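The two complexes that follow have chain A in common; it is paired with chain B in the first and with chain C in the second.
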Partner chain A sequence: MKLLNRVLKGDVRAAAQLIRSLEDDVPEAVAELKDVYLHTGQAYIVGIAGAPGAGKSTILESLIDIFRKGNMKIGVVAIDPTSPLSGGAILGDRLRMQRQGADEDVFIRSLASRGWKGGLSKATMNTVHVLDAMGKDIIFVEAVGSGQGEVDFARIADTSIVTLIPGLGDEIQMMKAGIMEMADIFVINKAEREGSDNLRMSLEAMLSMTPHQPNTWQPNILLTEAILNKGTEQLAKVILRHKDFLISSNKIEKCRRRRAELELTAAIESTLHHHLETMSGCLLVKLIDDLVLRKTDPKSAALKVINLPEQK
Partner chain B sequence: MNLERKARVLIAKPGLDGHDRGVKIIARAYRDAGFEVIYTGVHQTPEQIVNAAIQEDVDLVGLSCLSGAHLYLFSEVMRQLRERGADDITVIGGGIIPKEDVPKLREAGMKEVFLPGTSLAQIITWTRENIKLK
Partner chain C sequence: MKLLNRVLKGDVRAAAQLIRSLEDDVPEAVAELKDVYLHTGQAYIVGIAGAPGAGKSTILESLIDIFRKGNMKIGVVAIDPTSPLSGGAILGDRLRMQRQGADEDVFIRSLASRGWKGGLSKATMNTVHVLDAMGKDIIFVEAVGSGQGEVDFARIADTSIVTLIPGLGDEIQMMKAGIMEMADIFVINKAEREGSDNLRMSLEAMLSMTPHQPNTWQPNILLTEAILNKGTEQLAKVILRHKDFLISSNKIEKCRRRRAELELTAAIESTLHHHLETMSGCLLVKLIDDLVLRKTDPKSAALKVINLPEQK
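Entry: the complex of A and B
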């Protein structure tokens, strides 16, 4: 309880220590999470994804400057990949956010993916919760530089930004399932480069294939040169417009449910995983014996382990 | 339950010094040794480094300086860490540093200073033996 009290008062060190302990599954911190959770739900969550080098962190640096002018308190959770070989990681997103390096009201936290699939890390939501409890108004979640299929960032975000750059493919890439379906806002960064107009047209063509329904959000396409802060004022405005839309249409409720669902599923999976690792080996050994002897099948054995009745 | 804590280190270059080949090699060596490395790059102010060390809750800060300003810059990082109550974080340094400056840097609170010629393995081994995982 002690750390949480300090977090609620805005203590940066306490928040950082709590985040770290939660990430490492320290039992005392996990116990504090129950109380942390009661103090969350206020922050607005913006997710950003895109290929490595597309400019996600640079866009965030520019956006943070803009939102800080409005005196909003900002949290950033930036995820980079863990090495499958050594288990180590280079967390370099912070490097692009130097202008906020000395701002007390901007809390940037780098996380390593630690093997989590989906472009985030297991600790992402707990980190968001601590920053939320600390009183941050907007929390940006920057996913691992991603390909096409890592879409968890959009499942936890209220506003999802997909960052593209010219020169990475033709219009067929625009039609593919996955990340391209998840954006509330498309950002074409490095827009000074050749091909950005073609990319915009391909995107527009892709979006026009979805018939516009009343009371739905039409994804925006914005061109930016984030390193020069070009186009990011407009991006900040569109983020706020999307927020207003979610609130006025009550779709924000849907975002919250989607986020809760992802967290619940992840919690169930990790609890089961933990259960499996710590449960008495006897049952597992017996079930493996049965499988080898074809006395049962994997699915029925699994149901026995988690103590569920067999499905009819 | 993960009872083994992951070591986190911050690698930074304070001051007006663009020679970052060495510091990148160090960052990479830590990565390959299984550490989570927050790399903040060149031209950092002591304040930025201290803020990052606190927000990232690292076990170790590694400072590199090849410009000759190590006495002022490293000591300033140490002073600000103390001021913020974060001087439990282990700080080491390296770069083009004359031997006679090492005692002064230790006096400022740095745990170790690695001079030219140090092997990567020495630094990693030292780190494993000397940081306390909280």
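Entry: the complex of A and C
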């Protein structure tokens, strides 16, 4: 049976194989990706960002247990190289099965950090698409850090969660990077620690600077102790409430268009790079010859390069 | 008479007008640029980089006097916003004539800092082309700073000069950015200051780390006090010696190919951006619609975007 058909039936091995082949740029897999994409768009995508040690993986494990009780199929793309979930990626790309390891309906895929250079990583999106095509209801994308890269990352998610812990002080850096504005939900994890009230108050102060508009989502601030599963039930509820809000306000359409636009931009850049790398060396040499001899000008030469022939 | 014809005759006003129109993206000027380019390739391009206050402008003024004695026609593109040469750019784009102001064969053009964002600035290269087409023998491109941007900048020059002064300690930063490796000539200006010997020795130590290959240029280290015209005669000689070396070793061809390649890459990027900005909003919306509805995939959509029609 074709790999795609097995993926569409939710076959874990087939999905893992396809993801691996995509990472390795195997031509057959890349060709199959087109068909995979046509079967996506059903999954709900939740991004979870935060500094290393903020407890993102622990929160995810707790959330997975909760959503599994509701019989939802879960996918996780872990791109935090320091995360226990993706730690395995350093040892070679493979599946990591934690306490949900035996559950066929939880698929956790860790990407080596090479797949994550900030911005919209091709490997991340490809993996999300495969999980989506597998029929996952919710796909969590876990990203480490608080920098500019996380902003693009947050833009692909339907719900963006930013995880903070008291005393780390990385909220200033996140604010500068603009990630705070992207967050739909703030989670203050390890809330038993000193300083969690101060952190909550400073987040509230920050949020109050933006006047609440009618028919917009007012970001929530939740306190959790994920290791004890405290607060995560509430978090799961707020995620679903945000999803309902997006659907009822028709903003989910906006998320999807934004994602499509980001993917189109990424695909244009990637196609151009690929084209430049693979185009006939002779043509490129010829164009540079012509430029050196002033038989043509850079702009006219550029138009010859990016006037791509129709690719079948 | 057509602007281009006047430029080709060395008309200062026509050149200034064309440069200004190119900066303002006036369509007629952009169209004329193609023909301008076909008349370039004769000028020798010398880059001079260094931190603000290193004395680049003073060195240039001294060099201009020297080369003028040899009756060479000189162009200067000053892109250092702190430089007295380009200071005028802040007050509006206009010609600055210093002590060479009365000399018709010295054309100094300052670019507003908006024209310089690091990397290969389009405005810089356009101005170089106009000066080249005017018939300048040597074009100096002056850039401030010691960062990554200066590396690309050095790559467009036939001879790259890096200017240092004792006690500033910016050589470490320059080394990190890779600009030290790009330098053909090091100038230690304000050499009367304490620490110039130490700076020379540390440069020599750095250079000795790269074993000298036969038929390669060994970078020179020169000491100058440009304000007193000390050492600049020697600098002018070394510039011409480096030019002779490039010609006799046929490496000048390599410089020209490298420049053509950089310009081609810049033109491809600029054409693509322009295309994306100006392409039919309808087509883009339609493609995003199709993506959202999964009628197509990002890669196929991207190929529709960058499959540019032949532009006449």
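Operating definition for what follows: the second predicted complex is superposed on the first by the 243 of 312 C-alpha atoms of A that agree within 3 Å, B and C clash if a C-alpha of one lies under 4 Å from a C-alpha of the other, contacts with A are read in each partner's own complex, and residues count from 1 in each chain.
Simple rule for what comes next: a residue touches a chain if its C-beta (ideal position, glycine included) is under 8 Å from a C-beta of that chain, and two chains touch if they have at least 3 such contacts.
For clarity, every value in this text was computed on a predicted model and none was experimentally measured.
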item: First, second, both or neither for A:240, with chain B first and chain C second; value: neither
item: First (chain B), second (chain C), both or neither touched by A:207; value: neither
item: First, second, both or neither for A:109, with chain B first and chain C second; value: first
item: Partner chain in contact with A:252 - chain B first, chain C second, else both or neither; value: neither
item: Touching partner for A:227 - first (chain B), second (chain C), both, neither; value: neither
item: First, second, both or neither for A:12, with chain B first and chain C second; value: first
item: Touching partner for A:66 - first (chain B), second (chain C), both, neither; value: neither
item: Touching partner for A:37 - first (chain B), second (chain C), both, neither; value: second
item: Which of chain B and chain C A:27 touches, first, second, both or neither; value: first
item: In the complex with chain A, residue positions of chain B that touch it; value: 1-3, 5-6, 8, 27-28, 30-41, 43-45, 47-48, 51-52, 54-57, 84-86, 134
item: Residues of chain C that touch chain A when the two form their complex; value: 33-34, 37-41, 253, 256-257, 260-261, 263-264, 266-268, 270-272, 275-276, 287-288, 291-292, 294-295, 297-303, 305-311
item: Sites on chain A touched by chain B in the complex; value: 12-13, 16-17, 19-20, 23-27, 82-83, 85-92, 94-95, 98, 101-102, 107-110, 112, 114, 274, 278
